[in-house]
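Structures are listed in the sections that come next.
Consider the two complexes below, in which chain A is the common component and chain B and chain C are the respective partners.
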Partner chain A sequence: MRPRQAAMLAPAAAVFAVLFVAPFAFLFVVSFWRVKTFKLRPDFTFDNYADTFTKYLEPLVFTMAIGFAIATLTTALAFAFAYVIRFKAGRHGNALLVVTLVTLFGGYLVKIYAWKTILGTEGILNSALLALGLVREPLTIFIYNPGAVVVTLTHFLLPLAVLPIYGSLRGVRDITLEAARDLGARPARVFLDVVLPQCLPGVTAAFAFCFLIAAGDYVTPRYVGGPYTSMIGNFIEGQFSLKFDWPSGAAMAFTMLGACLACVAVSRALLGLARPR
Partner chain B sequence: MTAVSNALWRAFGALVVALMLTPLALVVLFSFTDNALTNFPIERFSTRWFRTLFERAEFWKAFGNSLTIAGSVAVISSVVGTLAALALARLGERLANAALVTLCFPVMLPALVIGIALLVFFNKTGVPFSLATVILGHLVITQPFVILIVYARMVGFDYAAVDSARDLGASPWVAFWTVTFPMVSTTVIGAALIAMAISLDDFIITFFTIGGGNTLPTYIWGKVRTYLDPSINAIGTILLALTIASTVLALRLSRYRG
Partner chain C sequence: MAADAKRPDGGRTPLVQLRGLTKSFGPVVAVRPLDLDIYAGDFFALLGPSGCGKTTLLRMIGGFTEPSGGTIAIDGVDVTRLGPEKRPTNMVFQGYGLFPHMTVRQNIGYGLRLARVAVAERAGRVERIMDLVRIAELAERRPDALSGGQAQRVALARALVMEPRVLLLDEPLAALDLKLRKQMQEELRRIHRQIGGTFVFVTHDQGEAMGLANRIAVMEAGSCVQEGGPEEIYRQPKTRFVSSFIGEANVLAGERRAGVVTLGAGAGFAEAGADGTVSVVVRPEDVRLDPGADAEIRLDGRLEDVVFLGPYTRYRVVLDSGEEVVVHAGDAAGQAVGERVAVGWRRDRQRLVQGS
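On to the complex of A and B.
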């Protein structure tokens, strides 16, 4: 690398190092500290991690389970949608892609709020059902349960999952597909032996992405999950905004990230085993 | 057979598009009604909730903060990110890819983790929380997108014109401003607009790094927590209009497609 390129990379590297690596590393250090009379005390204790597993095991397991459900559902939907864009939509493919990109950057909080107003007891869905005469009383089953969290986060994550999968499907060349067909492969064979292996990196990336972001979310369970659907993110946020127990919040955050990585690794290994050869 | 299956695939595609757009469309629809609750039947269309909103000083304050932050983030991250992307484009492909994956790492983490890490970091290093800390926090998550978009444009960039300029005696500085920049400027503006959209839309990092005051998303957050007032639909519509307009413009300018 020549000096001029190094100088051009320097500001971005500085942002990365000072505003991401340093705070992240420091948070890791703090996870081994303790709090005494509302003050941080440097220490080297594993108590915060032990506490995470004893006090917060239930929300942690629940978070991993719901994260897995959301990531699986979103990846499956995103795969089918990316497949439509690449192979089935013809000249409309570009429009579908633009819709995906537009909803990607627009409205994290607005989307969650929208689902709250749609699913609520006095919400849009219930009022529509009442107006159509399909129900007599508003239904309470739509909101304040894990299902509402799954629907809301799947909606939010879908565009995020479509892009990496579409990116890898774009790499599947038409000529390869034609060759497979000319050699007598049936559509299912072509799909399993040609399309799927080539887009597996995109699918894995989308799954991991969705899993981490879903498991780390706390706004969705707060808005639409109700009092009995708290995810680990809600407890982490609480340690910072209410309890001021930063070391234990930090330990919970790193435990969550570790658990996510483990779940993603296991899912990936299972996918590898299930893959037909 | 194939005709039927193709029709089914297309119906599925249309259904997903409807699923993606309907919740957003409903927010916009109800922001233009007179309803005191966000539900059917719609009594009358009106701009009542926008007028209520525009009378509130706290809305204008949040709006101003959002624009200050997003504008600064767009300018800073597009300069920093473009410089990095131009440098990476001159590196070997393997090295450049490794650097891209590393620099994009923050985008793969939940924003909550970045938010709390920045909160603890700024607090312990004695940096006072303000709009400036929010801007710094947003650089972490917007810079990767700028780098990716500009780098994508530079792949397959024809350096012949730049080399000719240099051969004819232009300094690197002059060659950059007269040759390279005019060729990539629309992409850079597109990347800046994407950075702006991400910054405008961010709630979580803002929440942990702002200290006091509001941006549009934290203003929505506060309102949803207290009571569901239909003026939230109006703020949502304004926020969507800003982020979607900048994204659409960015896509037109940069021709970036994922």
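On to the complex of A and C.
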């Protein structure tokens, strides 16, 4: 590498090293330590990992499952949306894209409170149902359950998933679709054989992105998930902030990271089946 | 040019029949109602300047653009409302449209896979077609690792392997450089001879149309203005547009009164026909400098420019009327630029077209 290029890389590399690599490495080491009377004691024990699997296996599995559900739902919706923008909307496509980007400006917490306002017992949805006379008293099924978490996070993640998928769909040339039809492919085959394989990198990226953000979230479940919808992130947060048990928290965090990467790898492999043979 | 004006198949029914075919995009008429017959074995060119509707016409034959009116029949079957996947046609697209995620072999075999051709037969046919277009050594490459000429051959192979009743080619050589273009022209002629199919191609390059096709339809502003063999179109252009679009032509304005044509540049001759403005079209190679006694038409002017081009010399003469006449002559004459010269030609070498 030339000195000039090294100089250009240096600032970002420094930030990355100080703010990511160093704390990451430190927490990894800490995950093998113990804590005694609220003080960290260096050690080399796997107890923290063992505890994670015995005490927190259920929230871990639940987190992976809900992350998977959110990522699948979001990617599917985003794909449909991006597909319409790219192939069907014509010159209105750009307007739709701008709308998508604008929703990104609404912050994360704003969206959570918005959904609280919509789904709550005295929320917009219940008010509407009462006003229409469809129910006699407010329904409690909308909020404080995993469903509310799925709805909220899907809404939040949708624009973030639309962008990479749209980006990869833009690289799909119309002429390749025409060529496939010319060779005898019906619309479904054109989609499976030509569109999907060409935009797979974007779809995979969107899916991984949504999965990692959804699985790592602990704010949404706290506000709309109710007392029985705790994701692993909530427990990890508790270890650090309430119990001051950094080693356990770190072990849980690394376990979750491993589980997430495994899930993403499996998803990629599954999507990879769409490649031509 | 041997088979030029002759129909390759006598009186048989045409393979492709277009009847009253038309296409409008909103208020814009891309193709005016048009009739065209293409016969089995034809190498047929749709020739015209950009925007004349030739590509729209080709896309209608392929099923990619729905006609606003009229019918398309292939092999006697009306295919007007069928999509491209149901037509016995295959297209070589201008931008090739190769599938970037498949190897060359997968690209070529894709259509056969869709048609559920057995694996062994499919492999054999792909192999044979790759040999025919000479790309066997590229089989495992991906399209992004191909040069323009190679991609062109793969696109051709992918369409040909389907053994279409009609092969459609949209500006097949436009993206190639001159040398490659000449080479591909020869290849296309060889392939057409070898498999004996029916090829229809679109081009704006008259040299390409003359060099490849045995039939040419010249299009202008959405209409087919003349259809015929290359020699017929070159020798007997029906309109001034055709004469100047195909090869170089001198066009001189004139007027016909009671069967006598008088050119603005001076000369006159008798030729029966309706009164009104006419144009005389004559090819540069048919015009002589210092014409002999056999030249019925003679005009005077000043030699403006002389360019030696190898096989012939190009003279540009400005007539006293201000019109220009270009002369191609094999033997270098002694005239110098600026001298007064006479040009002339035999009457059987010129063409008279109505209007200006």
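The rule we apply is simple: the second predicted complex is superposed on the first by the 267 of 277 C-alpha atoms of A that agree within 3 Å, B and C clash if a C-alpha of one lies under 4 Å from a C-alpha of the other, contacts with A are read in each partner's own complex, and residues count from 1 in each chain.
Everything that follows uses one rule, which is that a contact is a pair of C-beta atoms (placed from the backbone, for glycine too) under 8 Å apart; a residue touches a chain by one contact, two chains touch by 3 or more.
Predicted, not measured: the structure shown is a model, and the values here were computed from it.
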Superposition on chain A - do chain B and chain C clash or fit
fit
Just to be sure I read the superposition right, which of the two partners does A:143 touch: chain B = first, chain C = second, or both, or neither?
neither
Looking at A:110, would you say it contacts chain B, chain C, both, or neither? Reply first, second, both or neither.
first
Now for A:66: first (chain B), second (chain C), both, or neither, which partner does it touch?
neither
Return first, second, both or neither, reflecting whether A:263 touches chain B, chain C, both chains, or no partner chain.
neither
Contacts for A:128 in the overlay, against chain B (first) and chain C (second): which applies, first, second, both or neither?
first
Looking only at contacts as defined up top, I'd like to know whether chain B or chain C touches more of chain A.
B
Pick one for A:35: touches chain B only (first), chain C only (second), both, or neither.
neither
In the combined three-chain arrangement, what's the angle at chain A toward chain B and chain C (CA centres, steps of 10°)?
80
Which partner chains sit in contact with A:167 here, chain B, chain C, both or neither? Use first/second/both/neither.
first
Looking at A:77, would you say it contacts chain B, chain C, both, or neither? Reply first, second, both or neither.
first
When the two complexes are placed on top of each other via chain A, what is the minimal CA separation of chain B and chain C in Å?
12
Under the touch definition given earlier, write down the residues of chain A that touch chain C in their complex.
173, 175-176, 178-186, 189, 193-194, 197-198, 275-276
Residue ranges of chain A touching chain B (in the complex, touch as defined)
1, 4-6, 8-9, 11-13, 15-16, 19-20, 22-24, 26-27, 30, 40, 77, 80-81, 83-85, 88-89, 92, 94, 96-111, 113-118, 120, 122-124, 126-128, 131, 155, 158-159, 163, 166-167, 208-209, 212-213, 215-219, 223, 233, 236-237, 240, 246, 249-250, 253, 257
Considering the complex alone, what residue numbers of chain C touch chain A?
62-64, 83-85, 89-91, 93, 95-102, 106, 110-111, 114-115, 158-159, 162
Residues of chain B that touch chain A when the two form their complex
6, 9-10, 12-13, 16-17, 19-21, 23-24, 26-27, 30, 37-41, 79-81, 83-84, 86-88, 90-91, 99, 102-103, 105-106, 108-114, 116-121, 124, 136-137, 139-140, 143, 147, 172, 194, 197-198, 201-204, 208, 217, 220-221, 224, 228, 232-233, 236, 239-240, 243-244, 246-248, 251, 257-258
